[in-house]
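Each of the next two complexes has chain A plus one more chain, namely chain B in the first and chain C in the second.
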Partner chain A sequence: MTLVIFLVRRLAGAALVLLGVSLATFLVAHTTGDPVTLLVPANATEAARAALRAHFGLDQSWPVQYGLFILHALGGDLGTSFVYRQPVLDLVLNRLGATFELAFVAFAIALVLGVGLGMLAALKRGTAVDACVTAFTMVGLAVPPFWLGLILVIVFAVRLQLFPVSGADTALSVVLPAVTLSLQSTARIARLLRSAMIEVLQADYMRTARAMGLLRSRVLWVHGFRNALIPLVTMAGLELGDLISSAVVIEAIFAWPGIGRLAIGAVEQRDFPLLQGSVLVAAVCFITVNLVVDWLYTRIDPRVVLR
Partner chain B sequence: MKRMPPFGLLGAGLITLAVATAVLAPVVAPTTPTRLDLRARLSPPAWVVGAKPGHLLGTDNVGRDVLSRVIYGSRISLSVGAAAAVLGMLIGSTMGLLAGYFGQWVDAVISWLINVQLAFPFTLLAIFLLGTVGGGFGAVVVVLALATWVNYARIVRGEVLAIRSRDYVLAARAVGVPTGRTLLRYILPNVAGPIVVVASFSTAQAILTQAALSFLGVGIDPSVPSWGAMLNEGRAYLQSAWWIAVFPGLAIALTVLGANLLGDWLRDWLDPRSVA
Partner chain C sequence: MIEAPRLDRRRFSQGAAALAALMALPRGAAAADGKPVVIASEEDVSTLDPHLIRNNHPIGSVIWSVFDSLVRRNPDGTHEPRLALSWEQAEPTRWRFKLRPNVKFQNGEAFNADAVVFNFNRMNVSPYNAESQLWPGTNLTKVVAVDPMTVDLVTSEPTINMLYWLEEAFIGAPKYMADTAPDVVGAHPIGSGPYGFVSWKQGDRVTLTANPNYWNGAPPIKDVVFRDIPELSSRLNELKAGSVDIVVGVTPDTAAEAKSNNSRVVSTNGLRKMHMGISFTGLDVLKDKRVRQALNHAVDVPTMIETLQGGMTKPLASLVNPPNNDPGLKPFVYDPDKAKALLKEAGHEGFELPVAYGRYPGAKEVSEAVASYLEAVGLKPKLEAYETGRFEEMLKQKAFKGIYYYGWASLINPSVELVILTSDAVDNSAGYNNPDYDKLVKTASVTLDEPKRAALLKQAEDFIWDECPWIYLWYLPAIFGLSNRLDYQVRPDDYIEIYRAKLTG
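Right after this comes the complex of A and B.
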């Protein structure tokens, strides 16, 4: 029952947020220029322009256009792309898989590497190992990801020829973009886990667990790690959202066929419906991830009550 | 006052160096960033075989001095980063103060704005705005402030929630201090610490994002030397002339590292409970 109330409350909140996101995209799109000028030849007659505007519904007032967009969106219709002349939803869903693949591989790398490094640093606090991890995280946060991507391409794709330069044609294609994308998240997760574990390791329940003579690994993972999980899960949710957003730049470098590249193309060609659709779908992903995160809290920490 | 730890010192040193470079650019740069030395095009750095004299970090495809461009480029990165952090701070802190202090519907509206901003794929918004409105210093600063204001708003809101029912705030209200004065005189000074910490990280974030936008070809006019634009130009020559893109990248990394280290130190210094 609590789960139902929780879901209803959160879905209502999510709907409001999506309304805000769509309104912002709509306003920005419609106040920054006329797409029709880019779609027709420069010498097109005014009548031809007006006909095109009417065809796309751009001749109606903004509130009407926005209202119609929302109505159609509720029915799963995000409109038709000006440029591709195909339903936006199909275009976006076709590309979503590639972006998910990239984001999830990057997320997996960040989680495994970040948790591993953070744990290691916390356990070896004050040693050379700790200093190395700290140095790695500081450098990882400072290096521009797109710059790292370029260097990785030069070293591993051009010189060593271990991975393809770009595209998504082979199974190995995802490696370089995913590593590039994961760097900042890895560093942030390692930093967070290090400080969370240092705090946990000093807690009374850890001393008790050790005094009871439990296995070292059991003390560490069951009693220790579980208590460091809450901040980690909060952050992981935000990171996954951030990865989807950052993928835009990385997809551009590696010619990765995801929604980032689709959306950049939509921006360049002023393809409003396509842009609006990609932004909305990305926002839906972010919100869904964070809903799951909130539910995960209750699985990890029985004291947390869903509201 | 605690002594500054080595990492904090390093951060302060890097930021001082970056600011000094930007301010003294005409003095320290060997030449102007736009002078073309056509006979020394694509000259490698001075320590590499085949380097032409007079260009310590080499030249780009039209023979401009890379060192001079990196030095002048610091002006754009630092001024954009700082301006965006300050504008974001003004917007975000105000929002956070209002949401935390007034609660109720004010808090609901501002929290909604924060959630909308967080759910929005920011890079797309930035490319879209800058691609259509056009770049320029002001536009880039505003767009970056849109990205950073939530950082301040969330922290300030939380802090204000925690202190708005403290005795000194209640006392101020009880004796009839106007609301605006209560907020500015009694609450703001007590959240100033976290704001400064966020400002430091937000500057780093703004510098990185600005470089990414220039790299994608939107934002600051590419004829003005900036680190992001240099990376974009150097991209085509990565295999034959790596130095064009590598040095501005290093400059970005060192500046961002400095701002992050400074932020870490400020946070530890202001919060006696923090570990590490």
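Right after this comes the complex of A and C.
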């Protein structure tokens, strides 16, 4: 029951957020200027330009345009792209899949590697292993992803020919971009988990658990790790959002057909419906991730109550 | 058609052995001879509607492969009959085209006069008429099917450039276009060209396959893929790895990287005329011809070509592209003393001059170099950077006050090239306005007698060169990376005519 109330509250909040996001996007987009100028050749006649503006509905007042956009959006129609002349929803969903795939693979890599390294460093605190992990996380945070991407391509794609250079052609295509994308998150998660685990390991309940003679692994994972999870989940939620947004740069380097490149193109070409659509869909994603993170808290820590 | 499922996840779960096998076999290696020819470009294909062509490449290159027009432009500007067999200007305002018989569209529809009428009429209605230039370009008023294999194009005034505009008036399967939703037509093109459409994964690739029923026989290369790879370094890496055959948009400073064991670099002068436009609607001093000539003498174009363009192009020598240009015209000589003398004579020394730049790779570097040359003759240049959309609007509104870095299109037609500086041309971004020049160009455009027209155009060409509406720079070099397995002659106008390419060996 609490879950239902929680969901209703949060969904109402989400609707307000989406409305705000769509209005802001609409206003920012429309202040950039006339999309028709960028679309047609310089020698297009004024009559043809006016007809095209009318075709796109740009001849109507802003409130009417925005109202129609919301009305259609409620019915699942995000309009037609000025540039692609395709339904925006199709375009966005088509590309969103690719971005999700990249972001989730990178997320999985970051979680597995980050948690592993963080645990290792915390358990071997003060040793050479700890120093190595710390050094790795420093380098990981400092290396610009686009640079790393180029180096990985030159070594693994051009020289060794183990992976494709770019594109999304085969199952192997995702490896290099995902590794590139995951590095910073891996480093951040490892650092966070290391410090969280060090704190937990010194806690009284851990000593008690050890004193009770429980298995070392049980002490570590059930009593220790679970308590270090709360900051990790918060962080991981943020990381996932961050991965989706940093995917934009990586998508360009690896010619990955994701939504980032679509949205940037929409900005450059003043493709209002496409811009509004991609921002809206991105907002939905972030809201969903936050919702899931909040719900996860309750599964990890029974003291947390959903409201 | 847009492919939905993309990845075969099962491959991952088949264990290390399968993965190792996959790694040992890079993409496409399974069929070495059947490996498609891959063309990589910076820009994405936005729509494949034949009447919404926004750039020569990549959209134009795909459209030229899937569709045919009545005539096609050869790299030297002459015309090759395609869906038209022959033509004549029956009357000054009536062009008659005999059509190629027994041509079928890729969906089996027959090509005939009605198909031409349908397509041309479609280009004249919104939203296609804003992007398709056939009707305004030719003063076309009516398209008439005289008999199934004859079409008349009726114009309101005598038109000399009919063939020029027909080059990009593509003809698609009429019934299909009429009966299908516009977004589907734009995503799944059906024409009568040398290649048929296979699939399009947006933001990634368009795949075509040779049309076995093409009227001129199937092209030599069977499978072709147009890929969108926005980063130049990634395109070059693909070329080195052997997974791409043509890289479009190589820059002078990266040309050396296109050379590898697998590939070579090829370049031509290009047809896009790079220049600093000089505003006639801004500073008054720029209305003095001596000042404009001084600006041209002040800038060392050959040195800029060596340093900024890798020596891969030539200085502009006319506003008319080769091979139609007047060979008597020569680039302005770099002579700062003469520039200073001209400025002094005009009585305009040391004025402040805005130097604007926006689009084009290397625009900032070129503008800075020009500014420093102008500073050397005592002017006070002021650099201004613009966002692409804003730059376009400034051009359209003729709002620049000083000079601006710009490139005029890849055309091979003297009258179309010269018309942009007439006072009522919508794309006359400099606002150049000279009644004598207008008269020359206008008279030429209605003079049907060829030698007479050529003489008028030459007169206009020489006149405008001396007028210096631009600081003349160079032809934008067209540089490509080509894989060694490909035999292909690049064109200076950006189009990739893949149906003319062959595999070596």
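Throughout what follows, the second predicted complex is superposed on the first by the 307 of 307 C-alpha atoms of A that agree within 3 Å, B and C clash if a C-alpha of one lies under 4 Å from a C-alpha of the other, contacts with A are read in each partner's own complex, and residues count from 1 in each chain.
By definition in this document, a residue touches a chain if its C-beta (ideal position, glycine included) is under 8 Å from a C-beta of that chain, and two chains touch if they have at least 3 such contacts.
Since this is a predicted model, take the numbers as computed values, not measurements.
In the overlay built on the shared chain, the residue A:261 is in contact with chain C alone; chain B does not reach it. In the superposed model, A:195 makes contact with chain B only, not with chain C.
By the touch criterion defined above, A:278 reaches chain B but does not reach chain C.
When both complexes are overlaid on chain A, the residue A:51 reaches chain C alone and has no touch with chain B.
After overlaying the two complexes on the shared chain, residue contacts for A:270 are found with chain B and with chain C alike. Legend: residue contacts after superposition of the two complexes on their common chain; A:141 is shown touching chain B, with no touch to chain C. Judged by the touch definition given at the top, the superposed model places A:246 against chain B, while chain C stays out of reach.
Within the superposed three-chain model, A:77 lies out of touch with both chain B and chain C [touch as defined at top].
Shared contact residues on chain A (touching chain B in one structure, chain C in the other): 32-33, 150, 153-154, 158, 252, 268, 270. Those residues of chain A lying in contact with chain C across their complex are 32-34, 36-46, 48-49, 51-52, 54-56, 80, 83-87, 90-91, 94-95, 97-98, 101, 150, 153-154, 157-158, 161-172, 174, 252-255, 257-258, 261-262, 265, 268, 270. Residues 7, 112-113, 115-116, 118-125, 127-129, 131-133, 204, 208, 211-212, 215-216, 231, 235, 238-239, 242, 245-246, 249, 252-254, 256-257, 260-261, 274-276 of chain B are the ones touching chain A in the complex.
Of all residues in chain A, those touching chain B in their complex are 13, 16-18, 20-21, 24-25, 28-29, 32-33, 134, 138-139, 141-147, 150-151, 153-154, 158, 194-195, 198-199, 238, 241, 244-246, 248-249, 252, 260, 263-264, 267-268, 270, 275, 278-279, 282-283, 286-287. The touching residues of chain C, when paired with chain A in their complex, are 2, 6-9, 11-12, 22-23, 26-27, 44, 46-47, 49, 52, 54, 126-127, 129-131, 133, 136-137, 182-183, 186-187, 201-205, 227-231, 233-234, 237-238, 240-241, 243, 388-390, 392-393, 395-396, 425-427, 429.
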